[in-house]
Amino acid sequence: SNGADAGSDAGTDGGYNVYALLPQGNDQPYGTNYLKAMNAAAADMGVNLTITNAEYDSAKQANECSVAIASKPDGIILWPAAVDTIRPCLEAAKAAGIPVNASNSDVLPEDKSLVGTYTGPSNDGVGRAAAKLIGDVLGDKGGNIIIVQGLSGNSTAIDREAGFRDELAASYPNVTVIGQQPGDWAKDVALTVTSEMLTSLGEENIDAIYAVDDTMAAGAIEAMENRGIDPTTIPVVGTGNTELGQPNVLSGKQYGTLFQSPVWDGENAVKYIVEAIDGKTLEPNYFMPVPEITKENAADYPAEW
Amino acid sequence: MTHTEIIKTPTLASTRGGSGNSASKMVAWVASRGIFIFTAVLLVFSAIFVNGFASSVNIIDVFHRASAIGIVAIGMTFVVISANYIDLSVVAQIATSGVILMALSPTYGVLGAMAIALFFALLYGLVNGISVGFLKANAVVVTLGTTGIGAGILSLVTGGTIYYGPTGGPIDAFGDARVGPFPLSAFVLIVVAIVAGIVLSRTKFGFMIRSYGSNKQATRLAGVNSGGVVVGAFVLTALAAMIAGFVLAAYSNTAVSTMSEGYDFRALAAVIIGGNSLFGGRGSIFRTFIGVIFISVLSNILVLSGFSFAWQQLVTGAVIVFAVALDALARKAEKR
Amino acid sequence: MSTIKLQETQTGTWNRVKNTVARRTEGRAVVLLILVIVVIAMQQPIVFNAYGVSLARVALVGMVALGLTLVVLQGELDLSVGSTLALTGVVVATIPDLGLGIIVGLITGLVIGALNAFLIVIVGVNSFIATLGTLFALRGLAFVLSDGRPVRVTDIDSALAFGRQLLGPLTPRVLVFILLFIALHFFISRMRAGREFYAVGGNRQAAIDAGIPVKLRLFTAFMLCGFVAALAGVINTLELTAADPTAGSSVLLASFAAVIIGGNLLNGGRGSLVGTMIGAFALGLMQVGLTFAGTPREVQDVLIGIILLVAITTEPNNLRALSGRFQRLTQRKANASA
Amino acid sequence: MSTARDAQPVRKTVIEAHDIVKRFGGAVAVDQVGITVAAGEIHAVVGENGAGKSTLMRILAGILTPDSGGVSVDGKLLEPGAKASLEAGIALVHQELSLIPEMTVAENILLGVTPTKFGVIDSARQRKIAGDALDQIGVSVDLNEPVSRLSMALRQFVEIARAVARNPRVLILDEPTATLTPAETDYLLSMLQRLAARGLAIIYISHRIPEVFRICERATILRDGQVVEVMTIAETSPNAVIDKMVGRELKLDLQTRRVADPGAVVLSARGIRAARVNGIDLDVRAGEIVGIGGLVGAGRSELVRAIIGVDPRTAGTATITIDGETKNINGYGHAVRSGIAFIPEERRTEGLALDMTVAENITLPNRAALSTGGFLQRGKIAEFAMRLANTVGLRPPEVDRAAGQYSGGNQQKVVIAKWLGREPKLIVLDEPTRGVDVGAKSEIHRLLRELADQGTAVLVVSSDLPELLELSDVIHVVRDGRIMGTLSPDEANERSVMALAAGERVASSS
């Protein structure tokens, strides 16, 4: 696979040697496309990538971090498995004089000084944007909503929910979350738990659904259809504008989503680590534009994953 | 197990039939059937106290929870009763068949895709079965190995791609289909249960599996091709896992390489809660079926009652511990 | 007085060597380790230059396996080690005082071990099943205590200090790992209580009849296993300055693999910590090497899967069975042609 | 050599048990049993299979706790539990070997009483004590050898050494000679007499009445869990003891079998080689009983197992001929399908599925006959099992009782019964009556004769010389996996067989 020789100090073709420490890869839809884009970009810029996948096991990622540092690369791209657990990795890299950029999930504020920059979506921001979509569609009268969460304990899921709830509290006081269950990023699980929440909370009491990604949004929509509910009557907001989600948005079954681009994410991770290595001065954050997608503009944004 | 009506066993009761003095006999009887009682109690309790449990829509959800995992558990019962503990590779097997169905039916048609899935199911069954049955390797380790290989390859080939079928397509139609108030998958579950039940309790092959689970050597020395019996057990498990993969994929009309995470231990949990013996020999498909219903209803009412994931795990684990502890006590009571 | 000779006792150093080798259980683990080392030496020598890192990985893979071995030697299993690790991590992180947290965490491990042992020894549940239950329950508890999100330790600086290299490039994890190995190995090879683990696993009825406190031995093994898992959880939390309730998901299977490759018989009574250690080294070094090479995770899974299959199907006894069948097949052919 | 009869009469009682009752489920295994043994006495406990001998001994050793009654040593009543009994000086040599395969001889001998300094094993003392114990019984073996690598006989002596190492007041041996050859048995018996002479109280269980008459002073006779009588050996006769045991007149027709006019060759083995089998030729004819004699460890089991394909052959061929049609025996399954029945040596681990019912065990080899279209026929099974149970005289004849609940002898009957259902052309038996009482034994012998008379070919491995001589039309004596000689009934006697087994070549017919 890629960078089979990145272990050796000087890159064979003179390009930079970069480690990308990721918590997912070909085992997840997003990661798959993130990797594609990342490798493509690396090829363009002559970067030798060495990629690891910690499967969201932070201890494993910590060890992979020290492996990376031991092989003295020119730079490290770190997508934290769990943001709270990466301080030691960052400090070790700093001590070894290796620039580190965070990707996809930003580090904690107190660790910000240890990374060159962050590239990727503001997961918190994604949550906020979703809150906006829902808040606006519900209007001043607000209403009751349920959340279909990602895999329990997953940091992206946690960040999105946090942003979502903060934004609601800040700007949409009449919108109240009356139920929440994990959909494990899977359509079938989302389908079941949504249906069960509709049962227990009462279809009539639920005014909107926030599924933290489009796959689960699709599950929520199917749950309603199975019960003979017209999905347009209970607006669903997801995230990703994925191949699974976009058709639902276009057909109006899903009220809206947020376009998160793994391509942008992967490319810029490489782009900015190169700049960091070159010593360019960087902004603290390069946030991925996360446009709000609804029926109107969905066609302008081809799905990427 | 074979019963001999013509002979009565007054005092000398078999290890199976409870024991001498009627008190401990009672205990044994009740305890060894505890799971049936609990399931009944749980159902009644839920119907009365859990808002919305008895509604027809919810029954459907319960069956959706039960069908895929139930089919796997029923298949795994054969491996368990043959005293081989568990087939960990069902995780990889379910995902493989699900992904094949969704990914290949556009090109090869649903039946074509199913045929291909069948091929891989048999492959899994044979590799596991031959390694365990003929090379006498430990089943847990073997299936741990085949899981790594199978899941690894699946993930290499498909990445995290989510394969989805056309809405209203045959697969989607199957997933949404109802028979009366029940989802079609529920009937698949029941049919699989009945067939498996007959195979295990009534057929020669089932008898050999039970006998093998009870004493490998004696079974072999009775002229049974014991390796073949083990292969059979793993093939049956693989077939069940394949069907479960179809059902699971059809349910959500999607499939992805990670779709069946955790199905290995959850299925085993169902088998065990049903009161099947991990030492092999003793057990029945019906017990597994009850075990499946029990955990499905349990997780259903936990969600209905708004418990968080954390508490769901905690309660489920506690219930498993309780159920198996009771089963163990039952065994003790029988011995006494 | 008259004596009787029932069996020729072989003498001579060569025979003694042969016997000693024949008695060992670590053969295949050694072969694998040599293989790994050779390949790495040719492909990724950096694995050895960065031995601090490599050892850390070995310790990561191997520590829990050491505890698991004690249970396996008695013919039992503990599936709950991963959850134990996660739960103790959370416990450590949620207690403000780090020192106190560590102590409570380790005690948690002992308590969990005792709970498992209680279910298995007193109630009489098969260990595979009992620990399957605690596997779920403890994970749930970890989520309840942590509210399902990572918990950062309050006293981060001390935690960071712990993670730093202590002796050359060696981190505390590595040193604890080595000390633990020495202690446990001494325990099961030189101390009566530990040595009797082999009796409990080898022929339990005989052990009971001989007056060995089998229940006590089982309790000891499970509590040690729980303690070691807890220790791993504590070290993770300190090294990472935070505890993740989802941690340890891969720990069970990794340690299990190390134990198997180490040549420990799952039915109990046969095996050694040395074997487990070697198995851990083989797996750990291989993983580090593959990471340096940037090999995709999937490929690593496939490799480890293959190694496990080979390791288990080349159990000496299994090989004999195999060769037997082979001979019969060839015979069948011969007969057919004849 | 000295026999117990010369021992001085008045000695103080060491162990005394009274009113012992033990039930298993509803079954009363031991019923109001008492027993007293004095220092220096060798006291026999005899009875049919299932009489309750082992159960009683396990109670004396504190391994089983009786439902009522008590055991006292030197007048002091013992606490329940193995520990108390051990400390009181009661040591039991179990009926089944109870050694730890992966532990060394020294460790096994001191199992449970390992000497330690601060919990660390004091291996020097361990080896010393173990060595002494072995010296006491006069057996030499490498103390560091794992028991898994010892011969059966050696394992049995290590067991005894373990008991002796606890320097007991009371030594109990439950069928110690079952796996031993005459030579080893002879040695064991005189050894026991030496120990008794030193004031040890010994309880000796055996189905071999001659042994009892050779070394024992008194005999407690059990039947159906009750004491029938306590006899003084000097004042009784073997037949009297046997009658008491069995509770009915039982004439053992010990006439050796007339040579059947040998029919056609059924089994023919040529150049058989396998683990510990080094090139063996032999034929078995229809209606003929062929005996295999030799010492334990001679490879007799390995031989027969290799011939019929239970264990892999490294060389050689075996053929079976049935109504003129000759087939190669390729693998065990093939052997069974072509009409061979095998009764293995290890009844409990290889012969039966102990936690399945008798009916289920009988069904196993007859599953084809008892099922149509792959489905078992339950009604048929019941009658079928019952018929066979009666044929072999299973007691009690309850075919849906778990096989594990029957005593050794009855278990062996079930093992034979399940094969009779196939009406085999060749029956191979490895130690057919090991641990089987005289009554059951003679029934099994009669059964084998009848089968032979009906034209079945029979191949028997036995360490029990009288049995071998009584049954066989021809005896092959095996040593180191080779046939040392072949004896016809008129040549065969204890001497000639042992001579060959021990390696002395004597001229032999054929």
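Some notes on this structure:
Each chain gets a letter, A, B, C and D, in the order it is written, and its residues are counted from 1.
FYI, contacts are C-beta pairs under 8 Å (C-beta built on N, C-alpha and C of every residue); 3 or more make two chains touch, one makes a residue touch a chain.
What you see is a predicted model, and the numbers here were worked out from it, not measured in a lab.
Comparing chain pairs B-C and A-B, the larger number of C-beta contacts belongs to B-C. Each chain gets a centre from the mean of its Cα atoms; for chain B and chain C, those two points are 29 Å apart. Centroids of chain A and chain B (each the mean of its C-alpha atoms) stand 35 Å apart. Averaged C-alpha coordinates put the centre of chain B at 43 Å from the centre of chain D. Distance from the chain C centre to the chain D centre is 41 Å, each centre being the mean of its Cα atoms. The multi-chain contact residues of chain A, meaning those touching 2 or more other chains, are 26-27, 152. In chain B, the residues that touch at least two other chains are 155-156, 308-310.
Residue positions of chain D touching 2 or more other chains: there are none. Chain pairs that touch one another, listed by label: A-B, A-C, B-C, B-D, C-D. Across the complex, chain D meets chain C through its residues 61, 63, 82-83, 86, 92, 94, 98-103, 107, 111-114, 116, 119-121, 138-142, 145-146, 149-151, 153-154, 157, 184, 187, 190, 194, 297, 309, 311-314, 317, 328, 330-331. Note for the complex: chain C touches chain D at residues 1-7, 9, 19, 23, 190-193, 195-196, 198-199, 202-203, 205-212, 269-270, 320, 323-325, 327-328, 331-332, 335. Of all the residues in chain C, the ones that touch chain B in their complex are 79, 119, 123-126, 128-130, 132-141, 143-144, 147-148, 253, 256-257, 260, 266, 296, 298-302, 304-309, 311-313, 315, 317-318, 321-322, 325.
Residues of chain B that touch chain C in their complex: 85-86, 131, 134-138, 140-142, 144-153, 155-156, 265, 268-269, 272, 278-279, 308-318, 320-321, 324-325, 327-329, 331-332. Those residues of chain A that touch chain C in the shared complex are 1-4, 6-8, 25-27, 49-53, 55-60, 62-64, 66-67, 69-71, 81-88, 91, 152-155, 158.
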